[in-house]
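Shared chain: chain A. Partners: chain B in the first complex, chain C in the second.
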Partner chain A sequence: MLKNRIIPCLLLKNEGLVKTLQFKNPKYVGDPINAIRIFNDKEVDELMVLDITASKEGKSPNFSLIEQFASECFMPLGYGGGIRNMADAQTLFTLGVEKICLQTAALNDLNLIRKMADKWGSQSILVSVDVNRNWLGKPALYSSSNGKSLSMPWLQFMKNAVEAGAGEIILNAVHRDGTMKGMDTELIKLAADSMDVPLVAVGGAGSLADMKAAVAAGASAVSAGAFFVFHGPHRAVLITYPKYQQLEALFS
Partner chain B sequence: MNISKTVFCKRCVCDSTMPEIRFDERGICNYCEQYFTRSGKIFNIAHQEKSYKELVAKIKRNGKGRPYDCIFGVSGGVDSSWGLVKAVEAGLRPLAVHMDNGWNSELAQNNIANLVRSLGVDLYTHVIDWEEYRGLMQAFFDAHVIDIELLYDNAMLAVNFKQANKYGLRYILAGYNQATEGIPLPNSWTWNKLDRKNIEAIAKQFGNMKIKTFPAVGAWDWAYYNYIEFIAFIPFLDYFQFNKSEALQLLQKEYNYKPYPYKHYESIFTRFYQGYILPEKFGVDKRKIHLSTLVASGQMSREQALEDLQKIPYPSMQDLEEDKRYFLKKMNWTEVQLKEYLSKPEIPHDHYPSEIKRVNKILNLRENIPPVISQTIVKLVNKFR
Partner chain C sequence: MIHIVNYGLGNLSSIANIIRKMGGKSCIANHPDEILTAEKIILPGVGAFDHGMQQLMDKGWIPALNHVVLERKIPALGICLGMQLMCKGSEEGVLPGLAWFDADVVKFQIPAGQNIKVPHMGWNTIKIKKNIKLLPLTEQEQRFYFVHSYHVVCNNPEDIWVETSHGYPFTAAIAHNNLMATQFHPEKSHRYGMQLMQHFIEFSC
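Coming up: the complex of A and B.
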C-alpha cells in the first residue's frame, strides 16, 4: 500500500461517464462499467464516482447502476452525488459502496454528517469542499448543485464538517478542474494546516509532479479525472494509470 | 462436427465444413489458392520497394503545410501497432485514430498508450455513446444476423474518413494486410461493412431507434469521400515485408507491448463473439482462416495450426466464463436469454433492407473509369486546392 493514495475520480452524468472543464462542458468519455473494469486490471487501489447531475436535478443516486459498479469494482469504491438522507446512505453501504461523499446535503445541514458518522463511523463519511477562485483570485466556497459561490468562508465550512464527523475532506479546486495545469497548492496548504483528518486534493493534476506538489503541500491523497482519461493535445480518451513502482518512487 | 469425415486442405487448415470450399486434384483448397494468386503481385519485393517509396512520397506531399500527413487507425492489436511504428520510421506524421465502443480491454488501452507516447504521435479517440451502441447491438442480436461487428467496423470507417477530411488528408493507413489476412473470409461469414441501410433498418425494426450519434457510413458517403475528396484507405503493411512474430518481438522489446493469445482480442466483445457466439450460434470458427493465412504466408507450421484448432478459442474455460459474465452484465441479459439467442437460427442480412447492390455498383465504378480520366481529375482537383 502506498503512503499516499492516488484515486481516479469518475464523473457520472445519467448513465455515462463525462469529464468537465471547470465544472462545465461535460464531454462524454464512455461506459462506466468498462472504465471500472479497466481500472481493475490496472490495479488501482481506490476509486471515486461522483454523479454530477443528481443533486442538480434533485434526484436520488442511481442505485441500480451503482450496484453494478460495486459488483464490478475490485477496489474500494467511493460514491457521491444526490445523497440526501440516512436511507440513501444505508442503501449505498448495502450495495457495497465503502465511502460516501456529501456536499449539497452537508451545506444544508451538518447534523446529517454527525448522524452518519455516528452510525457508520467517520472513516466512511467524506465531505466535498468545492472552492472556486473568482477573477481576482479570491477563493470562495462553491455549491456545485446550483453553480453559485456562497458567502460562508470555505475554511470555516471545512472545519465545521470535520467537527461534525467527516472522516476525510475532498478539496476540489473548481477553477483548476479538467485543466491539467497543476493543482492549487495554496488552497491545499491552507486546508491541511487547519484540520487533522486526511485531505484528498483534486482539480488540475496533469502530471505526477503535480501530484507530488499537492502531497508536499499537505494532501494525504490526490484524486484526478482528466489525468487518467485524457491523452495529448486532442484530449483523446485513453484510460491510463501510473505503474505502482512509479508511484512508489514518486512518494519515497 | 464429425472429425473423421472432415477433409482438411493439404496445404492450409481449411476444411470441408466451410462454405464454398473446393479441393483440386492435389487436395488443395480454393481458399489458400486465392491467397497465392492475390499475394503474388503484392509480395514481389522489387515491386514492393518501389511502390513503398512512391506511397511515402505521395503522403508527404499531401501533408505539406498540414499538422499531419495521414491518418493511422489503431486498435492496440499487433498489425496496426506495427504499422504505426513503420509509418513513423518512414518519416510520416500520422494522426493515430482510435475508436472506443465500450468494449476496450485494458491491454488495448495500455498498448496504445505506450505506443503513442514512445513514438510521439498525437491521438484522437472517438468514444461511441454506449447506451446507443448497446441498443444497436441488441437490435442486431434480435435480428439474428451474423455480422454483429458490422457496427464497429462501419463506425470505424466513418470516424477515419471524418478525421481525414477534417485535416484535408488523402491517406488513411490501416493495419489490414495480406501477410496475416490474405485469405478472405467466406462471404457468408461477414457482411459488407458499408451497408448503412442494413444497420438503420435493423435498428428501426428491432430497437425502434434512429441513429443519433453513431457515426455510420454508407455507399453514398463512401462515394463522396473517395470520388470527391479522394480519400483512400491504404493497407500499409502490404508495402513492405511483414512478419508477425518478428513484429511482435520488437514491439514487446521496444514498446512494452503486451500480446494477446488470438487475433482481434483487443476488444472483449470481439473476443467473445469470435470465441463463443460465432462457433456456438453460427458454426463459424474464424481461426481456420486466420491460421490458414499464417500457414500460407510461412509464418506458422501447418501442424502447429492444426494443433491450435483442437483447443478452445480461449486461453482457458475460466477466461471464457469471465467474458460470458461480463457480456451478460454489459448487455443486461440473463443466462437464459443468452441460451435462447444461441439456439435460434441465423437470419441472413439481406432478409432486411440493404444497400449492398448500391455499394457494389459504387465500388466497381472505380474499375470502370479509365485510369487516364481519373488521373486527370485528380490532377485538376489538386490544382484548385
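Coming up: the complex of A and C.
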C-alpha cells in the first residue's frame, strides 16, 4: 500500500532556516544543512525547502546552497522560491532536486508550467496554491510574493494549474500557517475533490491527529513546518519527526 | 567504477551521491564511446518514454548499450524510466524500446470508484519474487520511493523480481542475468536504497 507522505517544509530566508506565523514574522530557527542532516537521519518521507524571500526580492534561487542540500538528501527533495524560467528549472534538476515548486511564475503565466511539465514530466512540477481566509472566513487566492489577496477564484487557479501540467498541488492555508491549531479540512476537501493529482496539504498541523484529519479530507500528503521544528508551549526549537511505526499506525 | 549514462534525462547527481556515500566510484558518461570498456552501468531516467528513446537514438547510445549489455554482458541497473526503456515498448509512446526484456509498459488502470491517484507517488512496500543479490530476502518490511504513471508488464514471469501494489499488484523490478531494473528510486530511498546500491557496487555476474 502506498503510504501517505508526511513532509517537513523548511523555510529559507537568506541562508537561514526560519518559521513564520501566518506568513509573517519569520523567526530564525537554525542552520538549514544541519536540519536537513537531522531529517535525513530520521528517514523523513520527503523534504520541501521554500525560499520565502527569493520571489519577493526578485532573486534567483541560491543554487550553491541548494546543491549542498541535494547532496545531503537520500530522500526526495522539493524546492520552491524564485524559479522564473526553464533555465532555473534545468539548473535545479541538474543539482539533484527532484521536484520544483512554483507560485509567482505560475500566477504570471501557466504556459511556463506547461513547458516544464512537457520537458521534465508532471511529477516533478508542483504548483503551490496559497489560500487566505479574510475576517469573514471567505477564502481567497493569495500571492506570497507581495502578500496580497487576488481576485481569481483559488479553486479555478488550482484546476488551471493541474490542466497546465502540475503533477501535484501544495495547498497552503495562510491563516493557519504556524498556528499549530489544526488544518483547514474544508479547503482540503474542496481541493481534493476537484482534481485527480495528489494534494499536499500544509498549514496548521499541530498534532498527528491534525494530519490524519487532512488525509481523511482527501490529502495524499501532509506538510508542516512548526510541528517539526518547535517543541512545547514556549516553542523551543527542536527538530522532531514521528517514528515510522507511529505513522503506520496513524494511517492504518 | 560504475558509469552513469547521461543521455539528457534523469537525476544523475543523486545517483552519483549515493554511490559515493556507499563507498563506490562512479562517473558520468557523456558519450557512448565512454561506456565501451565500462565494468558496470546505470541507466537512469525521468520523463516520457519517447523522449528517452529519442535521446538515446539521437546521441548514438543504442549500439554502445547493446554491445556492453548483450555482448559483454556487464551488470546494468535501470532506474525508473531507465527500467521502462529496457522493455519492448510503452503505451506512453510509439517508439520501440531497447527490448532487453520481453516486457511492455502500460498505463495504470485504476478501477473507477477507487480513491487511488496516478501518478503512483510516494513510499510503498515491496514483495520480493525471486532472489537477486541486490535485495535481501528478508521478512522485514522494505520500502522504496516511487513516482510513475506507467508500469512494466512482463511476458516472461521469470523476469519478475519485485512486486508492489497500487490499486492492484504490479511489477516493480525486473531482473535477468546481468540486467536489473527498478521502477522505484533506490537513490532516494534512505537505507533501503543505500543497501541496494551497496550490493550493486559489490555485484558480479
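Methods note: the second predicted complex is superposed on the first by the 250 of 252 C-alpha atoms of A that agree within 3 Å, B and C clash if a C-alpha of one lies under 4 Å from a C-alpha of the other, contacts with A are read in each partner's own complex, and residues count from 1 in each chain.
We adopt the following convention: a residue touches a chain if its C-beta (ideal position, glycine included) is under 8 Å from a C-beta of that chain, and two chains touch if they have at least 3 such contacts.
Please read all numbers here as calculations on a predicted model, not as lab measurements.
S.K.: Should A:Glu168 be classified as contacting the first partner (chain B), the second (chain C), both, or neither?
M.R.: second
S.K.: First (chain B), second (chain C), both or neither: which does A:Arg5 touch?
M.R.: second
S.K.: Quick one: is A:Val197 in contact with chain B, with chain C, with both, or with neither? Answer first, second, both or neither.
M.R.: second
S.K.: Output check: A:Ser220 vs chain B and chain C. Expected answer is one of first, second, both, neither. What do you get?
M.R.: The answer is second: A:Ser220 touches chain C but not chain B.
S.K.: Would you sort A:Thr240 into first (chain B), second (chain C), both or neither based on which partner it touches?
M.R.: Touch partner of A:Thr240: chain B, not chain C.
S.K.: Quick check for you: in the superposed arrangement, does A:Gly16 touch first (chain B), second (chain C), both or neither?
M.R.: first
S.K.: Of chain B and chain C, which one touches more of chain A's residues?
M.R.: Of chain B and chain C, the partner in contact with more residues of chain A is C.
S.K.: For A:His231, decide between first (touching chain B), second (touching chain C), both and neither.
M.R.: first
S.K.: Return the residues of chain A at which the contacts from chain B and from chain C coincide.
M.R.: Shared contact residues on chain A (touching chain B in one complex, chain C in the other): 40.
S.K.: Which residues of chain A touch chain B in the complex?
M.R.: Per the touch definition, chain A meets chain B at residues 15-16, 28-31, 33-34, 37-38, 40-42, 68, 72, 231-234, 236-240.
S.K.: Which residues, counting only chain A, touch chain C once they are in their complex?
M.R.: 1-5, 40, 43, 45-46, 70-71, 73-76, 93-96, 98, 119-124, 167-168, 196-198, 218, 220-221
S.K.: Which residues of chain B touch chain A in their complex?
M.R.: Result: residues 98, 100, 102-107, 109-110, 112-113, 116, 122-125, 127, 129-131, 326, 329-330 of chain B touch chain A.
S.K.: Mind listing the chain C positions that touch chain A in their complex?
M.R.: Residues in contact with chain A: 11-14, 17-18, 21, 46-48, 115-125, 143, 145-149, 165-166, 185, 187-191, 193-194.
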